[in-house]
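A single structure is presented below for examination.
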Amino acid sequence: MALAEKKKIKKVVLAYSGGLDTSAIIPWLKENYDNCEVVAFCADVGQGEEELVGIKEKAIASGASECYVADLKEEYVKDYIYPILKTGAVYEGQYLLGTSMARPIIAKAHIEIALKVGADAVCHGCTGKGNDQVRFEACFAALAPELTVIAPWREWDMVSREDLLDYLAERNIPCSASLTKIYSRDANAWHISHEGGELEDPWCEPSKEVWTMTVDPMDAPDVPDRVELSFVEGELVAVDGKDFSPTGAGAYEALVYLNAKAAAHGVGRIDIVENRLVGMKSRGCYETPGGTVLMAAYKGLESLILDKESLKYRESVGHEFSHVIYDGRWFTPLAKAQLASAASFAEKLTGDVVVKLYKGMAQVTQRRSPNSLYSEEFATFGADDVYDQKHAEGFIRLFSLSSRITALSQKAAANAKKGS
Amino acid sequence: MALAEKKKIKKVVLAYSGGLDTSAIIPWLKENYDNCEVVAFCADVGQGEEELVGIKEKAIASGASECYVADLKEEYVKDYIYPILKTGAVYEGQYLLGTSMARPIIAKAHIEIALKVGADAVCHGCTGKGNDQVRFEACFAALAPELTVIAPWREWDMVSREDLLDYLAERNIPCSASLTKIYSRDANAWHISHEGGELEDPWCEPSKEVWTMTVDPMDAPDVPDRVELSFVEGELVAVDGKDFSPTGAGAYEALVYLNAKAAAHGVGRIDIVENRLVGMKSRGCYETPGGTVLMAAYKGLESLILDKESLKYRESVGHEFSHVIYDGRWFTPLAKAQLASAASFAEKLTGDVVVKLYKGMAQVTQRRSPNSLYSEEFATFGADDVYDQKHAEGFIRLFSLSSRITALSQKAAANAKKGS
Amino acid sequence: MALAEKKKIKKVVLAYSGGLDTSAIIPWLKENYDNCEVVAFCADVGQGEEELVGIKEKAIASGASECYVADLKEEYVKDYIYPILKTGAVYEGQYLLGTSMARPIIAKAHIEIALKVGADAVCHGCTGKGNDQVRFEACFAALAPELTVIAPWREWDMVSREDLLDYLAERNIPCSASLTKIYSRDANAWHISHEGGELEDPWCEPSKEVWTMTVDPMDAPDVPDRVELSFVEGELVAVDGKDFSPTGAGAYEALVYLNAKAAAHGVGRIDIVENRLVGMKSRGCYETPGGTVLMAAYKGLESLILDKESLKYRESVGHEFSHVIYDGRWFTPLAKAQLASAASFAEKLTGDVVVKLYKGMAQVTQRRSPNSLYSEEFATFGADDVYDQKHAEGFIRLFSLSSRITALSQKAAANAKKGS
Amino acid sequence: MALAEKKKIKKVVLAYSGGLDTSAIIPWLKENYDNCEVVAFCADVGQGEEELVGIKEKAIASGASECYVADLKEEYVKDYIYPILKTGAVYEGQYLLGTSMARPIIAKAHIEIALKVGADAVCHGCTGKGNDQVRFEACFAALAPELTVIAPWREWDMVSREDLLDYLAERNIPCSASLTKIYSRDANAWHISHEGGELEDPWCEPSKEVWTMTVDPMDAPDVPDRVELSFVEGELVAVDGKDFSPTGAGAYEALVYLNAKAAAHGVGRIDIVENRLVGMKSRGCYETPGGTVLMAAYKGLESLILDKESLKYRESVGHEFSHVIYDGRWFTPLAKAQLASAASFAEKLTGDVVVKLYKGMAQVTQRRSPNSLYSEEFATFGADDVYDQKHAEGFIRLFSLSSRITALSQKAAANAKKGS
């Protein structure tokens, strides 16, 4: 919008959180876009009830004509987190993609509201230096390219919380936001992220105040706990014997359960410097308690079931997919093709895994599966039928044949030289 | 040898450990291979002094004509572990390749002795179901394809420790080995592996007795410790301010230092089911205390220095290389090419990293580098020079252009249909 | 079988071609395996009628109790070639996998017959130095691991055609095979391969006599021809306006049509040195006339439809899959996962492509698609809606941001040094 | 510059071609950038003498203060084309990267002149929809981020040749450019590209007029020719017995020779739709006569020397690198790491290859090498020493072991079900 001719906007749907930024955006949109109608939209992806209480009233008070809250919690876990889990995607070796995974479903619900209310624009409150602007707008482009996208942080001149508070005060819009906020956080059912404050110096260890979702490992119980996860065809169906299948408590409740158990043991904290899609680095701390356990269990099950070449390839799919999802490319043929590969491998992923929780660690200690390539049946196949140690010689000879030929050729060439 | 015509063997060099298996192999070779001369060879790769004390005498007592002990410790860490570290290779997501990495250097030294003493065969005590037979023999094929390889475990009929003890007793060869040994272990400067016993059931959690190198996390100090590692161009040069550069205490001592510090905090234990090269799965427990810290620190430094596409590619090199080294393909053009890539990235890897040790965890908490892409200098470049938030709009538009075109095409096609 | 204890075999199904080798195998099996019953099995994968005429009589005359001929032509093209085509797999840059693709379907039909007739063994006539033994036996292991596999070429002592002819003559089994045969060939609907003779010297250009399926480009028409292929969701449905969909003439007839047209123009000849799975190199000449056109057309259509990252990934899937199919790993989770990815991309592959045929070349000259990302509609979107040239600046700035930061950091560091 | 505050520019170096666009840019720069001094820079990368004749005079006549012509021909072939050749990079299956490869060396020379003359800006004449703007500016960012980049096509309002001619006429600047130009072309020693005209419709076959560098295959000789290329460690040192090593005629002359010979046979034409880096597709025709032969020969040599896993990996390096070079990321750690891998493989690439040229085709027919894994020596190793057919059984058993275990597990599970 900064670059193109400004179109006349009649109605815009704003991704609204109730926080300071999006509260200020409501009046700003009306003042800068032809006194357009502003519809607030809030996605419930499990970020916590405290953020949602009274949000409709707040939106109206700030000048929105309506406020929609969409409960996406079950769909988020079932149709986004689970399929991604099957790819095994981890970004840059550590990041479990908690923020990235939530973006496509929020964008999709956002667009659905926009189409429903007949809006001609959508608006988000992401900054101009982050990934989320790209993720949201890439999804918008794929779903409703005809809608105008408004990104106030790339347009206005306000740069601080003070500017925003002044802006609201001038307009007599009530706001309970504080002047200072050390950390910038983003939460959903899968994780919470923390940036800012002392974290901006990567040579600085995070203080205790950074973490909000998990117990400090030093304060965690001195005795380990264990959690048992059961999967059927790659889907988590039970935890500690409780039914979390679609006909049971469901996927979202499974994650809530895992989060509680893992958080109590300080599991799931990471502290990383990562490469943003927009070309710069950032330092973030993340807490993904339940997700860390779920990922460990899933990979523990894979270790029992996938053969060497399959596991190697699944890992490369996950490696590629971690960038696809991090970059917001969910609604693309590429994402679809990689998810199809992962789903294919997942068909065999049935079994149980026990994860031990202790002082920040989540370690797989037990795993079993009817599809195990290391099954108890195996020993009974008998040596003759399955594996004769003498087969190894032939294997080795052919496996190393090209090395042998190379060495023999070199010797032959060397001898030829000596001879001449 | 089982398959080909047996050649007449005059002198064979045996990879000798002083244990039960290789003690029995000495007389067996002489009896089964034309009363050949058996030269014992023992590689010191940091497996511990207790294994090396009195080993020459033991070899002679078992019937060897000579016994060579090669001190490979410094070369192992400097020329094998460090270059591999630069690839970031981790096998199947967890295994730090402790056994695999030692095989090529042992094989090379083995062949050097064989050529020096004019042997016409080499012999190892690996079983016929494992990876090591492949790794050793693949290296032999690349280095000295003209030598005959003898693998007694694929030839003889003995199957138990009892068989071996009886075999030695019948020949009046002294042996202090016990009748039962629960776990099969393999150690070097980088790690120790454990297999067997209750571990053969992957549904069974490892008992306390499995672990030998690290303190149980439950018994580790209740207060975290920190260790600072300094790298220059990808090489570890100092730890906690101590000089471990080539002109200082050296690479092996650095690892000894890191092992001691990390082991005291229970760091570096893993428990996995892995895919062997020979097509079956095995369950192993590994302890890699210092290596875990070193790898974490190296990757922590990378996170500060490598850009998004570079890090992604380095990860894929490491992923590929993990199989190359696991499979014993060190002396191949493929390994050389991948190491060249990793070495190229490593040229920029200069800086310091602090790793926090606590109850089994090793977590990077601080990192700094003159080559950081997230340097303190960065903030001072000023917004105009380096990053204008308004650039983001153009970036997003082009980044998502194909999604936009796809969506517009689909809409155009849908409209065309409606119209007709 | 050479290594394990020989089991008692009652009935064996032999992959029978009517040629010299498999004719000799029938009596050899009976003599060496307990006078077992030998059932001949012949797969019709489009290798040509001349090989199939009178084959049942020949099998019986050689001592088989029965002879089954399975018509696999349509299934081969539809369920094997088409799915593989979607991966874009080409082995080592050139080989269109003509022999490899036929192996899994033949193995599957082979096993089906074996299970139907209650055989306890299967037998093939592949040599011990080639890929086919691995491909067939890997499929057998996946489909019926309980069946014994007999591979006479790895067991008997015969080494030449003369040996085989003598063997048959001694037993009064009629055989019209000639004493000398320069080239070893293998044909199916997709291609024919040639090995042996002067081709064994890779410094020797193939003579005219090598080629059998295509016209010599020098003898091809002096005027180009064109062929138009139409695809719906990745499946070839029409060629030159003729209906070859499942409700039309079908997939096999499409290939017959393409073969005839392309062969007349000398299209599809390659001459390569390739890496066999068993570790050695071989030199082969291949003719794949219709396949070359089909692959070119498919990729031409992709070029119009797949975006940059999707095409890049599809290429990497094809690259991986070329080894999977070459190595005979069709019945594996890995193959399934890669095919799933390729099938996902293929969903959009609808459109027409014209390929020009001239003197050995097949070149795409025209392509169109309703899913084109380069559609005629595109121009009419208007600059503002889809692409503003001014967006490019922002894109470039972020795209090259890490290079810029790197350079600025280096300059800052250099200046700091000068200053000190 | 459109977005940031315009800086005051004193001296700018323009990449000048003598064509209409850059002729108009000279006065435009002076008028729009503070009457700055404009220095013309022209890179000779083998685009042909006709483009360089009188270029200095033309530049001065258009208002430039100076004009530098840099002869980059030898460096271009030796230090850019050859290293890239070793990666085997081909973009999207067909494009030999002729335009992409020239960009980094031109950008580097451009910056060198800019630093030498003390310029504060650089300027190029690329359009805002193409790849070249990104490639040049990405290189500028890596080499001299402190210089301002001016891209007139993204700034001014002129859109047609007529606009530019009027602009020059109004200023009395002589220009011999014609009003209409059907095709947009770009040439260097390696290739020439063609865009525009009827090519903008991908359903339209290119007319005869498109092609300028090669003979139409229909007009090419009716008799094939052959060319022999000799490589030492991956570098082309001789063609048809002529010395083109660094101490001979050199790399550039080798390419001139190959171009002449291949062009006469119509070799090297391609017609493709490609994905631009900026997110849109374009259709281009390219002629790369000598390059096509060189690439075919190099890969022919590889086929004799690289083992299966090495060749597979080299292919994946080339696949990745094709995007790196296409995208203009030459001056990055990623490019350096991939080139290091390719250079490592190339060390063994010594030998001779014969390529047959006929009616547009370049086909390898002969290849030999002292490092061949298919050497004439090989046959003489003897079966026992190198390959015993009986080894194949063991190989196959282990190679297919996981398939066998999978199948046996499934049967065991099925039987267990039946039993219960």
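Order of writing sets the labels: A, B, C and D. Residues in every chain begin at 1.
The working rule: a contact is a pair of C-beta atoms (placed from the backbone, for glycine too) under 8 Å apart; a residue touches a chain by one contact, two chains touch by 3 or more.
Bear in mind the structure is a predicted one, so any value in this text is a computation, not a measurement.
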Taking all residue numbers used at the chain C/chain D interface, answer same if over half belong to both copies and different if under half do. same
So how far apart, in whole Å, are chain A and chain D when each is placed at the average of its C-alpha atoms? 38
Could you put a whole-Å number on the gap between the CA centroids of chain A and chain B? 31
Among the residues of chain A, which ones contact at least 2 other chains? 3, 145, 275, 278-280, 306-308, 329, 332, 372-373, 385, 387-388, 390-395, 398-402, 404-406, 408
Sort the chain contact graph into one of these: line, ring, star, complete or other. complete
How about chain A: which of its residues touch chain C in the complex? 3-5, 145, 275, 278-280, 306-307, 309-310, 313-314, 317, 320, 329, 332-334, 336-338, 340-345, 348, 384-385, 388, 390-391, 398-402, 405
Footprint of chain C on chain D - complex, ascending: 1-3, 92-93, 127-129, 133-134, 137-138, 141-146, 151, 153-154, 201-206, 217-218, 222, 224, 269-283, 299-300, 303-304, 306-308, 311-312, 315-316, 319, 323, 327, 329, 331-332, 354, 356, 358-361, 363-368, 372-374, 376, 387, 389-390, 392-396, 399-404, 406-408, 411
Chain C contact footprint on chain B (complex, rising order): 307-308, 370-373, 375, 377-378, 381, 385-388, 390-395, 397-399, 401-406, 408-409, 412-413
